[in-house]
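Once you've had a glance at the structure underneath, I'll fire off some questions.
By written order: A, B, C and D. Residues from 1 in each chain.
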């Protein structure tokens, strides 16, 4: 019994992506619109298309420090091809790196489905988290006190007329966090993306996918830069480990 | 001694990609233009931007049969997260799958640098390959007699006024192949992309990078579809292997 | 502040693994004993050493059908080096493939820590699982009605005088499963390994590690066989997918 | 048409590895002997078995600094499972890390096949390399002036009566390097393994495979230690990069 796929239909001389001839899309849609179409099955509305471009740009790169950039450079430095380096970078994008999108989107989608206004829902959520001493993914950032990318995504949404209950709830949670804990913990880019894709109707389980698609660009750039500027097996990692296992001994 | 990177500069509250504030790019550039900026260090000209959109769309997906789609589904089916599945797909994009872009771009860039008109260069190349009984990457396709994506990329280039010596040479080689061998071996999408990125001034060693960035989209879609529609460890692979090792024996 | 590692201490002219000079281990310990030493920090007792050899042998390979073998061959077939192929195979070893060891070891370790004899514990466990309609990892096998490898591990344990409460509990659960459900669901090799490593005192979270170390051998063999016997990009996967997405349409 | 595999034959209730019932191997062979059997198709002779144990032990781990250990820890630290961490470590084992085994084995196998005594062949090789200003893989080590592992492998070989033309040639090359260049560049562990597996009759293309099988053990230990001792996303990598791209600019 054959298994089913609803993504692409291939036959000699023809490639149909979600029903559309790929050669018709080429030159007519943008790449970001095609990302939307591929993942959702339908074309984005104009405001969605604008948001998708910005959302993907927001996550293209964050310099040489994130573990994914380091992993891509390490694997290339070990004497491997570009695809292996980028694969290692993508592999690094786990629950603790980029995973906040899906974790935050899950919470937003579950809570936005509840009755009541977003401020009430937000207050209830923050109080619950506080009682359970849990952190909420998508808020706060190691480096950026206010994440400029989430600010920009919200501003753009208001310019193009995009956004709904999930984006509102994400902001309401930010306010509730400050009101209840007395400490600002602003929405970061992962949280903003979570809110935007939720308002676009994407399943939260796809959250990491948007980050992967965007960051693949930066990973290719890092791997290529490593290849073109550095020697193999360089020591770009300063080993700072100290042995604390068994003292010297014999069999 | 610190090592250097020229991709992104990060400081609290600011992310500058190739010198540009990433929040300025969001809403002003398209994602595909940002791919160009990230990999090249400069923004594309309008015709380059149009080509970059189409080029990336052309490689987004090719159905469930390519080894990269299969690998992504296999790894997901083994009980792994989305990032591991996409990483496995990217890892599969080796010299024999997607690698034709860099192989063809290398030839085009080396030959286009030679003196003389493209027809002479093409004829010389094809005769050399014939004498050495070598295949030229970027020509011919398992499934598509004429690859509709390369046709579309050339047509779009002529519409937007893009293209130079590498695209001309790629066509000249196609003609020389038919004239000399008597057999049509049309430029495929890998070959067309190789020609386009060469005319954009990209190093051929980045060839696989464009394919990886584009195909990451399809891989996310396949992994997500596998997750949402199929059971773990399903037998979507029909094992067709036959044992021909040593017969039964004992120690 | 340096971070700590207790595995290996390196200095010029010397490599000390868990305190032992590696050149003293070479020629004195077996490879399997060194696996035990590396993971546990101490040398195995003789009976443990015998079990470790057999346990690792039991999982070396299971032919060309498991997803990990397929993934290794696929990635090699895409034109990638041996290390990338084996990496893809290892990546495949997820919760649904090889993951039963850690899942079963977790249950055995949690339940064996309870007061009472193993038959009572086993009965309670099976009744709980039945009420929750849950499957227990480590029991039953797609292909082997009785898994010959678990039988052999138990027989060897009795020969060399190895085994304790976890191995007893694992058998008691097998009996309880049949007694309560009326259907035989014999302990498979994953379950037997789970019981053995639990009696060796390993944390269940290391469960997948033993499978990975053993299967790496088979994966190297499959990747090498693919490289030496097959053409790149061969169709060893029979695509059996059927498109059921949107019908043909235009923008 | 089915494809062929000569590794393992599977049928209900039976697993035959290279013809042997796997349950017969369990308890009778050692794991290292089974590695030999799996890769070669035949059991090792006693001296070969002793060498295989030592050879695999020699490469089990080299502390926290090699890129493969770092990659395994990085990927785990990103919030990924053990298999993904080990896969990333294996992926790192490329031409510049562990690749010396296959590179050196290739040279030894090609040169040992030449007529003449090993000293003449060695002298010719070193002079050729000198003229081409090429390094020979398998000689010299970043950290160890004399690699204690290669010394041990040679000593063990003489104890157990193992070794032939490849091991002799490897030593002769060491002598020729010092005699001709006036600088000691002793055989390292990769070079010694290359010589040993060549005398065992393994194809040089399998070189990386032995290293992967051995190092998988250390990688599991590093990944598990990272998981059990460290917090996710820790900064064990000291980023020492400096931005030297375009200065701040606007669209």
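Of note:
Criterion: a contact is a pair of C-beta atoms (placed from the backbone, for glycine too) under 8 Å apart; a residue touches a chain by one contact, two chains touch by 3 or more.
This one's a predicted model, so the numbers in the text were calculated from it and none came from an experiment.
Each chain gets a centre from the mean of its Cα atoms; the one farthest from the centre of subunit D is A.
Simply put, subunit C must spin 180° to overlay its Cα atoms on subunit D, rounded in steps of 5.
Measuring from the averaged C-alpha position of subunit A to that of subunit B gives a distance of 23 Å. Centre-to-centre separation of subunit B and subunit C, using mean CA positions: 37 Å. Look at where the CA atoms of subunit B average out and do the same for subunit D: the two points lie 32 Å apart. Among all residues of subunit A, those that touch two or more other chains are 3-9, 21, 25, 29, 63-65, 80-81, 83-84, 87-88, 91-95, 98, 236, 240-241, 243. Within the complex, the subunit A residues that touch subunit B are 3-15, 17, 21-23, 25-27, 29-32, 34-35, 38-39, 50, 52-54, 56-58, 60-65, 81-84, 86-88, 90-95, 98, 143-146, 148-149, 151-153, 156, 159, 203, 205-206, 208-209, 212-214, 216-218, 220-225, 227-230, 234, 236. Residue ranges on subunit B touching subunit C, taken from their complex, read 63-65, 67-68, 70-71, 74-75, 77-80, 84, 87-88, 91-97, 99, 232-233, 236-241, 243. Interface of subunit B with subunit D (complex): residues 2-9, 16, 18-21, 24-25, 28-29, 41, 43, 80-81, 83-84, 87, 91, 240-251.
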